């Protein structure tokens, strides 16, 4: 197990470095720096500004400085557009918001998806199975950007139950629609994956053995069926997490929740490279960390992986 | 009183293409302390017979008829009631030891859960008993190996684990569904020897399902030959071996390769097992039978006495013609 | 979004490589596909949508750029769908004809989907086949690279790409395509590895069948099935990605449009009683996606030898 963890971390670190290098290189390959697009500045002023941001140094030097700052002081540098704010401040403002509704979306996707799929598998060919299958097929074509306006039409415009946007410190009324919009398609995928893998497990010889041992249904389900059924779900958690964090960008825009996605898109429009890069690195580290956790969870359940 | 008494057992499966009848009117009984072999090709319904008896059919299967165990009806009992019989009175081991043990659960847990559930013993007691049972099936270093996962055992060792697990509650009846089919030939012999020894030590009965006549000859008291979901011949193993009275049994016997035979070609039964989708009309073996007469295709033969000592056969053609 | 049915595709791949291609694989598959009602109906609807996007413009009264000054700014009162005004699907807030714009959006979204999938399929197949064929250390390194790329949130990188290299449709589909080949390469690699060691390939080799014939007779047909199914499921995935980016306003640029951009516009104006601005593009989007998924599923079932 220890070997596996070391090996797995051995992949995670280069991944992160590659991500940083690629995004850093992309920024600098961009035609025109952040300060050339405005009114042409006097060359002396421009040189001063570039010196202030370290842009006059060779690119590998800049990258090294940047990396050093990120690793040692968790410092992502200043924003190129908002001269009074650092990237750290922007992330510090947006991150907790994204984390809050992202966390709940993840809980809903997993907490509803797995039981729904499991019930559908156990009660195969009953109305609840058909319902679950129907919902998961439907939700496949209802991504977050379709769910979001539909939810607003229903809950804000027709029923007038929920506010159509804003954050308000994350009060539940402001949380409901972002969470539903974000989690629905992943919940559906998880339900579908759980259902099909559980059906497969229920047909295995070892479940017949468990039944032949006269164990109560509950014991069979929790000890013998559940774990192996969850393996494909666990492999899906990594991609689902990436999907959720990607979708959060849209949620921030459409529901004006003010998370990291809002700043990312704004930065994209303003060519505020340092903010884009800071957010990309934070998000990248998170997904890499998460897929690491998911892999370790997988290895913990499947004894054959622990080499 | 016989230990188990099966009357008119039928097993059917509902599939997308229609109803498949896997087992048709099977009748037999066995006494305590005996070994009964059920013999037949794959798809002859031998496994489904015992799955039907113990309520382990797939969800689309159903069984009708009567199965009396120690005089009490057990067919189609609720799962709860069946669970009091399973493992405690009737235990099972299966064909493929690779897939019959849960690969995600430690052997210790898979074994102790049987004792904890059925006898309510403590975890440590259950572990002790499990280890001694592993010793009994001659697994070396049992106290350490019990903590391993199934994939860390070899095929033969895994089957030993299965056997140990099935014997934990000292069942009256052990149903062994092709216990040696998936194993190497040398390991097969070891496992059969082990089963025979354990049968004596524990004084239990065994229903041994197999397609290997070599296995049957040395190890069973009675045998039952199945084809197309129906019983072809049933009787004492020695009697059937001495004089098989059914064309199908004869075919099976002559298909066994023998070293002392000068004939070079391997004898086979022409044709394939029947398609169970078609409603069985007449004798299922008729299309492949050398002796078949018109009646065989229209009328299903019933079991009739073939000799005096409990030897029955289901065939329209008279015994004398076949012998 | 794109990982829709990976598990099932994997089992299909296993089944395919186990049985080897029968002579009548594709003929059988066509038969079974036709028998699958959901898939056939989906194919029919999808073809109708494609056809509509080509024929539709001939019936349009307004072009997609033309502004109906009457409807501009008062879409809620004047711009509703009607036959008389020539705005069959109504207008947007700028007074542009939604019928023409939906047609244009359909063309662009489908094109991005198909071209993106093509890029992904070509890159993924070449990469995966090379990796699987070469095997050994090279294979390990190539697949490790895929592992690494897979754990990167690619939408952020894609947006970065779009910002850095400018937003254009070309950039968009190259970007999405280049980032969607990872799954494809894994599947193709697994399949190639499987095939390389199969008895029927070995048997063919032993009996003196030429390499070229082995590849065309055995390897290609086996890969084709899996590639076809995966490509069909990839198209809606890429349409989703494109729509997502366009919804953020970072994708297709005015005056061009796409389903995502139209849905964004419609979604932005839902509080002004102009729900048709959302519902028409949404309907096209949802129905087409449904069709792609059903066709993909149908193809998979049809091509999977175990499902027979």
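A, B and C are the chain letters, set down in written order, and residue numbers restart from 1 in every chain.
Convention: contacts are C-beta pairs under 8 Å (C-beta built on N, C-alpha and C of every residue); 3 or more make two chains touch, one makes a residue touch a chain.
Just so we're clear, the structure is a prediction, and the values are computed from it rather than from any experiment.
If you sketch which chains touch which, the chains link end to end in a single open path, with no loop closing it. The interface with the largest number of contacting C-beta pairs joins chains A-C.
Once the centre of each chain is set as its mean CA position, subunit A and subunit B turn out to be 53 Å apart.
Centre to centre, using the average C-alpha position, subunit A and subunit C are separated by 23 Å. Multi-chain contact residues, meaning those touching two or more other chains, do not occur anywhere in subunit B.
Chain contact summary for the complex, subunit A toward subunit C: residues 11-12, 14-15, 18-19, 22-23, 26-27, 29-30, 137, 140-146, 148-149, 152-153, 157, 164, 185, 189, 193, 196-197, 232, 236, 238-239, 242-243, 245-246, 249-250, 253-254, 264-265, 268-269, 271, 276, 279-280, 283-284, 287-288, 291. For subunit B in complex with subunit A, the residues that touch the partner chain are 54, 56, 58-59, 79-80, 82-88, 91-92, 94, 96, 99-105, 109, 113-114, 117-118, 149, 151, 162, 165. If you check the complex, the residues on subunit C that touch subunit A are 1, 3-4, 7-8, 144, 147-148, 150-157, 159-165, 236, 240, 243-244, 247-250, 260, 263-264, 266-267, 270-271, 275, 278, 282, 285-286, 289-290, 293. Against subunit B, the residues of subunit A that register as touching in their complex are 124, 203-217, 219, 223-224, 227-228, 301-304.
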